[in-house]
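In structure tokens below, several structures.
One chain, chain A, appears in both complexes that follow, with chain B as partner in the first and chain C in the second.
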Partner chain A sequence: MAFSLMAALGIGILAWALAALGLEMFVGFILPLTAFLVFLGGMIWRVTTWARVPVPFSIATTAGQQKSLPWIKPSHIDSPSTKIGVAARMGLEVLLFRSLFRNTAAQTINDEGGPKLVYWSSKWLWVFSLLFHYCFLMVFIRHFRFFLEPVPFFITWAEDLDGLMQIGVPRLYMSGAILLVAALFLLLRRLRDPKLRYISLPADYFPLFLVIGVALSGIMMRYWFKTDIASVKELIMGLVTLSPSIPEGVRGSVGGMFYTHIALVSALLIYLPFSKLAHSAGLLFSPTRNMPTNTREVRHVNPWNPPKKYRTYAEYEDDFRDAMAEAGLPLEKEPAPGLHEETAQ
Partner chain B sequence: MAKLPSIQELVQSSLPRFPGATLEGTGWMRTKPAFTPGSYCYPAKLDTMKGLGMPNPHEWAPENEDWNLPQGWEKIIYKALEDRLKKYRSLQLFMDICVRCGACADKCHFFLGTGDPKNMPVLRAELLRSVYRKDFTLAGKLLGKVGGSRALDPEIIKEWFAYFYQCTECRRCSLFCPYGIDTAEITMIARELLHEVGLGIHWIMDPVSNCNRTGNHLGIQPHAFKEIVEFLCEDIEAVTGINITPPFNEKGHEVLFITPSGDVFAEPGIFTFMGYLMLFHEIGLDYTLSTYASEGGNFGLFTSSEMMKKINAKMYAEAERLGSKWILGGECGHMWRVIHQYMDTMNGPTPKHMTTPVSPITGTVFSHAASTKMVHIAEFTADLIKHDKLNLKPERNDDKIVTFHDSCNPARAMGLLEEPREVLRAVCNNFVEMPENTIREQTFCCGSGSGLNTDEIMELRMRAGLPRGNALRYVQQKNGVNTMACICAIDRATLPPLADYWAPGVTVTGLHELVANALVMKGEMPRTMDLRQEDLEYPDDVPEDDDNGDAQGEE
Partner chain C sequence: MYNARYIIPGIILFVVIFTVPFWINICTPEYSRPELVLPAEKDCIEPVEYMRAEHMRILNEWRDAALRDGKRVYIATDGRQWDINLQNTCMSCHTDKVAFCDTCHDTNSVTPYCWDCHIEPQTAPAAGGAKQ
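Up next, the complex of A and B:
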């Protein structure tokens, strides 16, 4: 964990320092552009890696009643036998984290009947994961203000919705704050639950620290280290149009927090395709979720299906013919006396 | 066999422990499994492995320091893993996208029963994933342990053997995983890797070998198979007065019936088998049994995809030879995973003469089995009952308060949930569900599936059976449940010891044992005994002027 924290902190501090040393062009232009390209290339590489591996068997996990007899109501979504059902199942997984919603927590208790294992509904992970991802999406959408000129109406809508609570000046965007809280929850959960702590790798802490860093630096820029928004927009439009410029308002250490923010975001982009964060795209490929359950109705084809090799009936009968004849079992070939006595034991 | 701990002791020692915990999350890499008697399954016999043509067969023992791994074993594992990463999107994806959120951790019966963190599905997968990272990802190569990767060494092979044989491929974790990561896929492939370096277990490889040669796991030869079934028919006659002579290996029948061989061999499975025969006789089903395809179960599923295919191929081959139009399958768990999700892909399309199954009694078209042409007997019987084709006296089962154990595979690989319940509600008056987190798609494994139903690991099995045993005990205490029905041959073998330990007094039955107990057959004598030849608590009325009681039965 310490390693991950140092790495994330290091990236942030380094960015600040480099900008202060006059390397704004590197941190503000070359790095994010590279990060974007690495992200794009990385995701394409990642997704094609998965896509080109065949799916030999249709192995859906059925989470409800199958479609069988006409009067038994099948579970169209949890045990989908049609493409529409599969689409609905995947939709619920992607948009509402359906499987995580099932989560329970097992606990051993003692009562008059002796020791018992009980299962509690456990939705916190689901709640905070949902908040985490949707707030991230909202923050992402809001940031299009910097990438688009004129600013499209839906971004203004998103901002209005996000700032609905009208707290403080500038108005508090809930998404940023909740994103930070949710990320902290996910971090604390890893540290507090001994099961989680036991399996949490630096690769699990690092992206959390990155996200926390991104959210924190973003919030700081908005409320404390007030960064000149016009300059930021100018820089980013320069980035988008590939005409680099470092406006006055974000030169050197004045824009320190901004460069920290940019560097952490860039790190996240670069890290994403090559890490567990690729789960975002991976979920779409998961054969236990994206396959129909009609496997007795429609044959699934395995592209590398090997040829059949099995012990044939003829070989079997050759082995047991005499005993089978004696037991009165029907035969393909009548026994030749004296040939198969070893099987008659 | 070592003495089992008390329930109190067992539950106490099932609380999670986290040896060597560090903030880097790699502390587990320093812990090693202990191989002591009772903690591991016996290795497969050298002859068995050779006979099946398994790679690198050799003598070895789990308790030895040196497992005699073949020359260049690292290379073998590397190649085998690389090969499978190119063949299975599931594997490649599941190696890449786990975020270690831990939602799966306390869903696994092995973790709940042992408290061993390497039995958390996430960590079980990390046992393989850590090696994958080292060899197949840039970050793993560059960052080493910080990146959660580690280089292969013989201790890792031992660890795989320990923990991939403490997973029953029940897929409960895959239900709760937000990305649908299925540990069964990982366990199946890890076991394939172990088989590549000659490591297998006796309880799986022996049935596989038998099944290949004689047609069934138990190695029952054709004449003996017929004899055993005839014995069971004598028992049926003793209970019902009806003589049944089932056809064997006969051509030209409409239906080929295949069930796990456990059903003809051992109690309580034999009572279920008797139930099938009585039902078929009563409805006049045109069927045959086969001694060549006398095994529905398929321990190839627990060995390798090739072995699964090899053993399963006999079903269609036999249907083709005998000219059967469709196949009816008996009560079995993993058999049905193979049939529902693998059979058609591996060994289909079906022989040309086979047709979409239609119930000859009700006319129901089983269009959901149009391609495999294989129907589950719970579906078949539920349909008979719905169409009122069976004369049932559920009162004969009135001494029983019944609960139903969903087997993992029919529940999570098929979604066969309501069919057996419809049958149960029709054949017994007292049916109680276990708590909702332990049934249907959330069902818990018996603790001994995927070839782990071997006696040398009995304590481990009772531990893995903790969640199921706990739920059973709950309904026993609360509702007076005294019978647990199931639709799986492995369950019928493994649940009786589980019930004896966790909820003594509960009897385990197959679904069709209860059906046959309630089934009023044409021309039967008044029933005074159940299929186990125990006196019925609520026997049929015997007519006063009884001349042998032949005419009794129809109401």
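Up next, the complex of A and C:
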């Protein structure tokens, strides 16, 4: 954990220092563009690697009755047998994290009979994950004010909704604050529970520290160490038109917090395809979620099986029909009539 | 590759969505920082770099100072004194709200709700302290 923390902090401080030393062009232009290309390329690589892996068995997990006899009521979403059902299950998984909703926690409680193991439904992880992801989405959408000119109406809507409470000036955007709180919950969850802490690796902490760093530096920039937003827009519009410029308002250490933010976001983009964060695409590739539960209707053939050499019963009968007829064995297809009469006589 | 007929369109969609800002901006006229109509006076109440980044903080502090502490005079860092007043101080110099505040706010998608109550200067600075 300490290592991940140092890594995330290091990236942020290094970016500030580089900008202060006059390397704004590197931190503000070359780094984010490279990060973006690595992200795009990395995601394509990741997805095509997954797409080349065969699925040997039909391993759809079921959480409901499979479609079978007409008088048994099937569960259309939890055990879908049609493509529409699979799409519904996947859609709800993506939008509402349905399988996380079933999360349980194990706990030992002491009653008169001594310690007892109980499992109970635990929704905290689900609630905070949902908050985390939706607030992240909101923050992501809001940032498009820097990338587009004129700013489309729905971004203004998102901002008005997000700043609905009109707390302070500039208005507090709720999504930013909730994002930070939810990310801190996800971090504390790992630290608080000894079992979870034991199985947590640097790869679990690092993305959390990156996200917390991104959120913190963004919030700092909006409410405390203010940055000249008009200059930031100029810089970013230069970035997306590939005509680099470092406006005066974000030169050197004045824009320190901005470069810290950019560097952390770039690190997140570079890291994303090669880490657990690729679950964003991986979810769609989960056989347990994307396969229909139609094992009784459709035979799933393992695609890596070598082609089989086999002989059907019909072919066997063709070869031995006359002899079988002579022996009086039952046949699927009777021998040609002429032949049959001959043998019968 | 398995399921290529789902995955290839998926990848294309992903790349298109994420590169949209590049395509849109390369196809539209180049962006330049909006030209603001500046007042005839030489200086703002604080240095201009500070104003660009922090003017909303000043307004917030002014509001609290005036309405919570009853303090209606602001002493700037260079020692000049200003009446704490959004309409009659800021807007007496920045008379053209549309060509100044709004030009910059629109391109950065900022929509202050202050003008729901405070009165926007018309063409000339509004006389008196009419509020609400």
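For the reader, a short list of remarks on this structure follows.
Note that the second predicted complex is superposed on the first by the 298 of 345 C-alpha atoms of A that agree within 3 Å, B and C clash if a C-alpha of one lies under 4 Å from a C-alpha of the other, contacts with A are read in each partner's own complex, and residues count from 1 in each chain.
Here is the rule we use: a residue touches a chain if its C-beta (ideal position, glycine included) is under 8 Å from a C-beta of that chain, and two chains touch if they have at least 3 such contacts.
Since we're looking at a predicted model, the values are computed, not measured.
Applying the stated contact rule after C-alpha superposition, one finds that A:299 touches chain B and leaves chain C untouched. Once chain A of one complex is fitted onto chain A of the other, the partner contacts of A:66 are limited to chain B, with no touch recorded for chain C. When the shared chain is aligned, chain B comes close enough to touch A:200, but chain C does not.
In the superposition on chain A, contact is made by A:2 with chain B only, not with chain C.
Contact with chain B, but none with chain C, is seen for A:276 once the two complexes are overlaid on the shared chain. In the superposition on chain A, contact is made by A:55 with both chain B and chain C. Contacts of A:241 after superposition: chain C is touched, whereas chain B is not reached.
Comparing the two interfaces of chain A, the one with chain B and the one with chain C have residues 53-55 in common. In the complex of the two chains, the chain B residues touching chain A come out as 7-8, 11-12, 14-16, 18, 21, 23-28, 85-90, 92-93, 96-103, 105-107, 112, 117, 120, 122-123, 126, 137-139, 143, 146-148, 171, 174-182, 185, 212-215, 221-223, 226-227, 248-251, 291-292, 305-306, 309-311, 313-314, 317-318, 321, 339-342, 344-349, 364, 366-372, 374, 379, 382-383, 386, 411-419, 422, 435, 437-438, 441-442, 466-467, 470, 473-474, 477.
Within the complex formed with chain A, the chain C residues making contact are 1-4, 7, 10-11, 14-15, 18-19, 21-22, 24-26, 28, 30-34, 49, 52-54, 56-57, 59-60, 63, 104, 106-113. Chain contact summary for the complex, chain A toward chain C: residues 36, 39-40, 43-44, 47-48, 51-55, 144-145, 147-151, 155-156, 159-160, 166, 168-171, 226-231, 233-234, 237-238, 240-243, 247, 249, 254, 284, 303. Chain A makes touch with chain B in their complex at residues 1-3, 46, 49-50, 53-75, 78-79, 81, 93, 97, 99-100, 102-106, 108, 113-117, 119, 125, 129, 193-204, 274-276, 278-279, 282-283, 285-289, 293-302, 304-306, 308-313, 316-317, 319-320, 323-324, 326-330, 343.
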